[in-house]
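I've put the structures underneath this note.
Okay, so chain A shows up in both of these, paired with chain B first and chain C after.
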Partner chain A sequence: MDHSYNNKFSPETVADKHKSVLLSPELKKNQEVLTQRLAGCFDFMQREFSFGSPPVKASIIFFEGLVDKRQIENSLIKSIFINCNIFFRKEQNSEPSHADLLDTLKNKVLTLAEVKTVDNYEDIILQISSGDTVLLLDNCASGLVIGTRSWAARAISMSENETTVFGPKESFTETLISNTAMLRRRLKSSSFKMERLTIGRISQTSVCFCYIENIAPPALVANVKERLSQIDIDAILDTGYLEELITEEPYSIFSQAMHTERPDRVCGNLLEGKVGIMIDGSPMVLVLPVTFPQFANAPDDYYINYIPATLLRFLRIAAFAVSLLMTAVFVSLLTYHHEMIPTPLLLTIISARQGVPFPAFVEALLLETTFELLREAGLRLPNAIGPAVSIVGALIIGEAAVQAGLVSTPMVVVIAFSGIASFVIPNYNAGIITRIMRFVFLIAAGLLGLFGIMITFILLITRMASVSFFGIPYLSPVAPFNNKQIFDILTRRPWFSNTLRPWQEGMKNQKRYEPKPAPSSKDKKGASNES
Partner chain B sequence: MEKISSFQLKCLIALLIIPAAFFEEGPLLTAVLKNNAWLVPIGIILPGWLLFKMYLYIFRQNNISFPEAFNEHLGRFWGKIITIFYIFYFLVLCSYILRIYFEFMKINLLLTTPISVLFFLMLFIGFYALKKGINNIARLSVIIFALTIFLNIFLISNCIINGFKWDNLQPILSDIPFKASLIAFFGLIGVLGKAMTVFTLADFVAGDKEKTIKSSLSTVLIIFSLVISSTLLSLCATLHPSIIPSLSSAVLTMVRTAHISYFIQNIDILFISVWICGIYITLTIFWFSASILTQKAFSLRDNRFFLASSGIFIALVSASLSSTSLGLFVWTTKFMPFLNNCFFVFIPLFIFIKSLIKNYLPNKHNNESLSIKK
Partner chain C sequence: MKVKKILVIFTLTLILSSGCQGSEVPDLIFSIGLGIDWKENQIELTSEFIKPAPTEENSSEKGSSVIFTSQGRTLGEASNSLSNFLPQTPLWSHVSIVMLSENLCQTDVALVADYLTRTTEIKHNIPLLVISGSSPEEIFKTKPVLEPYISTSLALTLQNEEKQLNIYKPVLMYEFMRKLIAPGIEPVLPQIKKTTDGEKDILFLDGVAVFKGQKMIASLNEAESQGYNYLTNKNITSGLLLINNPDDPQYFITFELTKLLVEIQPLIEKENNRITMLIQVHADGNFYEQSGSGDVLRLDKYPQLEQMVEDKINAYISNCIDRVQIINSDILGWGQLINQKDPHFWEQVSPQWDMIFPTINYQTQSDFVIRRTYLTRKSYYFQE
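And then the complex of A and B:
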């Protein structure tokens, strides 16, 4: 049986066919077409009524659950009944045409903020699917789209994945307009642009990409816009879809965009000339382009004093190295290079490993796999059970395995330590890469010891150095080396010396901060005398 | 086409000559100059600078990379012949470097691992880097250079702190026979001459090519003499100069004496691991240069076939260089210095003299014609 995708009979082809079909002047025909198109949609609502004298037939259509019914009643139906009767009384002698009536309704009667005209079926369906209400009149080949969107949405809450001690706590929600508002509140400038487009033949998802006009390189903005507009897919359900669809290296495991749920982080990146992409229905925002060293930055680095922030950044870089290499190095030392371990320590390890039936490599592989299982189980299970599984896994099973002689205590300590170190990495995607690469390094260490680790390291950096996303090398500013920006990655510069934004090709405005000359001691003395 | 920056070029040239020199120069120089071996890299600064000036003079004549320069100076036929020789020599250098790497792996790290596995792994990562392009190699060289230099400084300072014996360096500047000095000089100048390879990459250099290459060569000359001199100094000071030539790997023997509070010890493996990175870049650059020369000499569009076939050639030549470690020692101390000098000193010197004469003769003619007119 041929399962290939046959475009001829796909629902989206039908939708495309209807896109060009304009509304009929007959209300009844319009209602029939819409009822037929939306047959099987129990939430599709139509309310027919007449108003004025002579009576004009009208119909409002919407999807239940997406609209504010009180607004429809008070600001739409009530307004029409009250105001139109007054209007008709005044204009008794000259009966207005229905097209004029639509204009009158739009401009003089309806008190809602968002009203626009629509003239084809596909737009009507798109608008009512988005929570708007459409008003259709008899003898009129167009209708009015009235903004009545209101649905049950998750309230703005604290960020769960990127928690910080200092700084803002709020995070994005699944509602696009609420997310854009969070950004607009922080960047109150006319240069802050948010462009909207629709992607997904079936999902018709609203996608918004934002940037700061005078900072983001125009070529980058144009590139992102072009790639987004070229996407032809049936549905977009999360920003993760977009990352894979617009990327230059689709087969790469490296994360090519930063996923964040924090508005302050998005704003910080926009101020560095990056582009943000939001979609309706996802609380995660894509920020691009990003480089690998950037993943060592945590959001609250910029909210605390620069000295502890820098030290914490060093700690994170060290934790990344530990998480990636510690198990592999331990296995290679135990398997191939015993002489590097000090004799008393070696004796302790050997005595602890007595009776363990597996070689160090298999033991480490088993424990690493178990650790990953526990971590994944903890993530997927409900909040109430998750921690319990971790405790049972880590304490009870771990203790039992050591007592049963299946694994040794030093290996448990090493695996646990590298596992904890992996939690220090502030970006989830970078964490995933580390977890995968840890296994690769472990296998290489098991096969060829430190030499295997080195070969894997060379391959890894060769791969990483060869990748560029949106024209920015993935390992920059380390490779290619940029002496001005390298300190921005290794340290958190104090704001008073952070005068320039990270450089990007085509960036027009690199100046971030204009330092004012410090008052001289003379001025200070003068000021104190005056006071 | 993305270009190589000045800093990347410096790292590339440094990694082209320093990693192999670590192991080549210890036995060679201490065998002939004993406790004074460490002075040679300092003394080589001036001749090295003159050598680089000579390269730059040839390059400046028409500002084109090799092998076009050979064709320009020697004619199309001889230019092509010399280019083919250089292609083969670059591949032989790759084979030699691969062999040094194998010897160290066999003696110090993986005693029972077959030669084919080690060769395959190194050639595979080299091939992968070449497929990704010279810019990628240049980017890598920055990371690896930083790593190598950092570790080198750490190890040398550690060796000096832990086992420095001043007596081993005594008496300074005595017993320096002329022949020995000449051998040491040519040994080291041949190694420095490997930097000539950078002219095959001239097309990839960003900005003012001559200026960038000139500054890079000068910087690398200083780094080279400092690194090699300090390594030889610590070698002579920690081990006795008389025993260094007899050791299979003097640098590793020295590194084994390094420790941190007797807790972290035997860190020679760590040293080898980082050294492998340096060797990898050296091998990759020579391989890339051979590939570029072939592409240009035979107007090839793609280098994939060349890379695959030359990979096999490198492995075969490497395996057949010698059957024993002693044989490799003979290559290190006899054949390679000779070949290095032939290809990186004498042939360029010949071209240099030829172009000097060529430039001088028209002036002479002009002067003669002017005097006749007068």
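And then the complex of A and C:
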């Protein structure tokens, strides 16, 4: 309905116009204004009725599809019809005014949990857009907002993007209130705060930012809150909007916040003094600030024994290096540094590359691009067609291209290996950045060999070391080096030795775990006294 | 703005300077072995190149090589003149062995030494060999037995020989070149020889070529080479030693060396200008094999066996030293030992070192200990 956004009936302009317009005591006028403002909204519903004696005119308004009609019928209309008559009969002698009637309805008649008063058009529209129902009475300049929200929502399901073997399986949904409930269920403390803002002139999206009061640095909380409140945009459809809108480094390729759909991951980060941002309508939650080394952590690192978890972390770090550099190093060896290839390997490569018409760099670029195409196509395709694309990719691109002599087998192996390695990175965003940087390294390798790779690497590291997001250097604790926390990144420290939270500027409470002496066992001979 | 300018300049440099050195694998032909000869006052360079063959599935055929020979007044000229008939650029970084002809070594090894050390393409940690009695081309044309290429086969043979028999130690190029110029020590190189066994040509290591100055002056035989290896190799952990069975001299007892360490101390008597080299050998070994019968492996016989092994080691060492003193080439590096012990004395004697070296006395003390006898603790008895 683009035309309705133009001219004088644009919701933005109308919203501004009616910002402080109070309700009229006349029901009819109120109905007219609302009908005019919501013209063209077929889902806008009004139901007029009268109750009591002498009859009082009333109207309830709501948006269809957002409300629980059964609740409106049973708990609202039915309550008013039955209870009001009884109530009025009891207090016949003193007939209440209409304003008192609203209070009576709110406090003594309605059996719904959420009832509050409203006195302007803007709030009414906002509330009914959120799924509430508004009750308006004749001769009364305010109305009642009744919480009747109910809409078809996706059920809580298993996390699809961040699957784990151990640990909780549930993931966030598109409904904000169910997401906040998932967090509240895990952190049952009064210091766990969830503050609510509304962002978006048209979307009026509910945004919730949460933190743990005694842990998150107050400056960080204030900074995030201020940045959120300064956003002036027409609509927010996903948390991704917010990441770019509140960032300190808008021209940076690096992911400045962690996007996660796992409530346990959000809680884990909140407990480390981070801030989480959720919005209504998106299952992805932003966690910030993040550091780059943190992307090597997978959620289930903390649910399994620390030794395998540490080894897996080593594997991930190695996979990251392989994914970033392997193709580039291979191309530079083939193009510039033949002497560095062991002779037996060189013999194999020479045989395999016989008749390949492209230089190694072009060959690698073609294969990398093909790999990215297949990956992107696989993401976008419906589930039924996805495997077909994989088969085409594996058979046509891999087998046929090698047989036709367009590409060499070692190059296919290298590309496939680095491709698989990029999927080992537990964070999707970090994975994408790795793949982009892989192309940069590849071009540098094609132009200048290992020298080019080194230059690019130095530039990349310099850039990463020079940025800090929300007061935390992006490469910390590697740069600036922190010998106490570096083990937290390289290894998964056992919980019994993990006494402190990762340090942040302004963090008040860093203690996470208080080691206590182990209970002495008299039955155990020679039990160790170590605490 | 400054950063932007720097970035633009950097990107342009990156793009414009590309393609200067890079060359693709198919544009190159890789040499894996070099043979250098001196013929009619010209350097003749023979090289084994990998002949690329497209791999086919389930193909059992191994790669093959091509031999090219070129001549030039210098080695650099000879190597460059290969480009006259090669369609691809020759690349020397994968050369695994360099063989010098006997003729070249006897004439002057300095004819090629400068190029070999100066070039950045040939690795300096590859072994050198001297070809005895054949030309490099003949060696390269020998059909390798198990390996696809003769050069890699020879390099592996040298490595394996050191691991198993430990008679010859591979001499790496930088080591040889260093000894060529260092005072108080002369270089050696293992020799390779070709022989014919009926229809098949066989290559084998045969002795050590001894240099004096820039020229090869003689060869050591196998026993002398063994003694040389004992005296100079600091890391002997293998090798066999055969002694006659004390009970039955027509049979043999084999010992396996597990450690052999030689310490050489020069004793200098300045008054008489006399030098004595004290050679102490500490060796361990295992009782490896006994041919023939006889109760040899008894505790009371251990000292006798050990003594026999010590005598054998002493004999190898004496053989070598005697021969080297006759040849008068200080391949043992005794001059350097004296220099380390007493630099002033070395300054005095070094001008007459050629006169002094053959007259140096030496004393050898060996100490051998039997460590293990493997699965059989006693000698083997046969039924009579």
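What we mean here is this: the second predicted complex is superposed on the first by the 507 of 531 C-alpha atoms of A that agree within 3 Å, B and C clash if a C-alpha of one lies under 4 Å from a C-alpha of the other, contacts with A are read in each partner's own complex, and residues count from 1 in each chain.
Following the convention adopted for this analysis, a contact is a pair of C-beta atoms (placed from the backbone, for glycine too) under 8 Å apart; a residue touches a chain by one contact, two chains touch by 3 or more.
What you are looking at is a predicted structure, and each value in this text was computed from that prediction instead of being measured.
Engineer: In the overlaid three-chain picture, which partner chain does A:Ile433 touch, first (chain B) or second (chain C), both, or neither?
Structural biologist: The answer is neither, since A:Ile433 touches no partner chain.
Engineer: Touching A:Glu339 in the superposition: chain B (first), chain C (second), both, neither?
Structural biologist: both
Engineer: Have a look at where A:Gly355 lands relative to chain B and chain C in the superposition and call it first, second, both or neither.
Structural biologist: second
Engineer: Once chain A of both complexes is superposed, is A:Ala479 in touch with chain B (first), chain C (second), both, or neither?
Structural biologist: first
Engineer: State whether A:Met454 touches chain B only (first), chain C only (second), both chains, or neither.
Structural biologist: Once the two structures are laid over each other on A, A:Met454 reaches chain B alone.
Engineer: Could you say whether A:Leu347 touches chain B, chain C, both of them, or neither, answering first, second, both or neither?
Structural biologist: Only chain C; A:Leu347 stays clear of chain B.
Engineer: According to the stated criteria, A:Ala465 is in contact with first (chain B), second (chain C), both, or neither; which is it?
Structural biologist: First partner only.
Engineer: Taking the contacts chain A makes with chain B in one complex and with chain C in the other, which residues are shared?
Structural biologist: Common to the two interfaces on chain A: residues 336, 339, 448-449, 455.
Engineer: Note which residues of chain B are touching chain A in the complex, please.
Structural biologist: 5, 7-8, 105, 109-110, 113, 121-122, 125, 128-129, 132-133, 136, 138-140, 142-143, 262-267, 269-270, 272-274, 276-277, 280
Engineer: Taking the touch rule as given, give the residues of chain A at its contact with chain C in the complex, in rising order.
Structural biologist: 334-336, 338-339, 343, 346-356, 359-360, 409, 444, 446-449, 452, 455
Engineer: Quick check on the complex: what are the chain C residues that touch chain A?
Structural biologist: The touching residues are 14-15, 17-18, 21-26, 28, 30, 32, 50, 52-55, 63, 91, 93-94, 96, 121, 123, 152.
Engineer: Which residues of chain A touch chain B in the complex?
Structural biologist: Answer in residue numbers: 336-337, 339-340, 342, 448-451, 453-455, 457-459, 461-462, 465-466, 473, 475, 478-481, 483.
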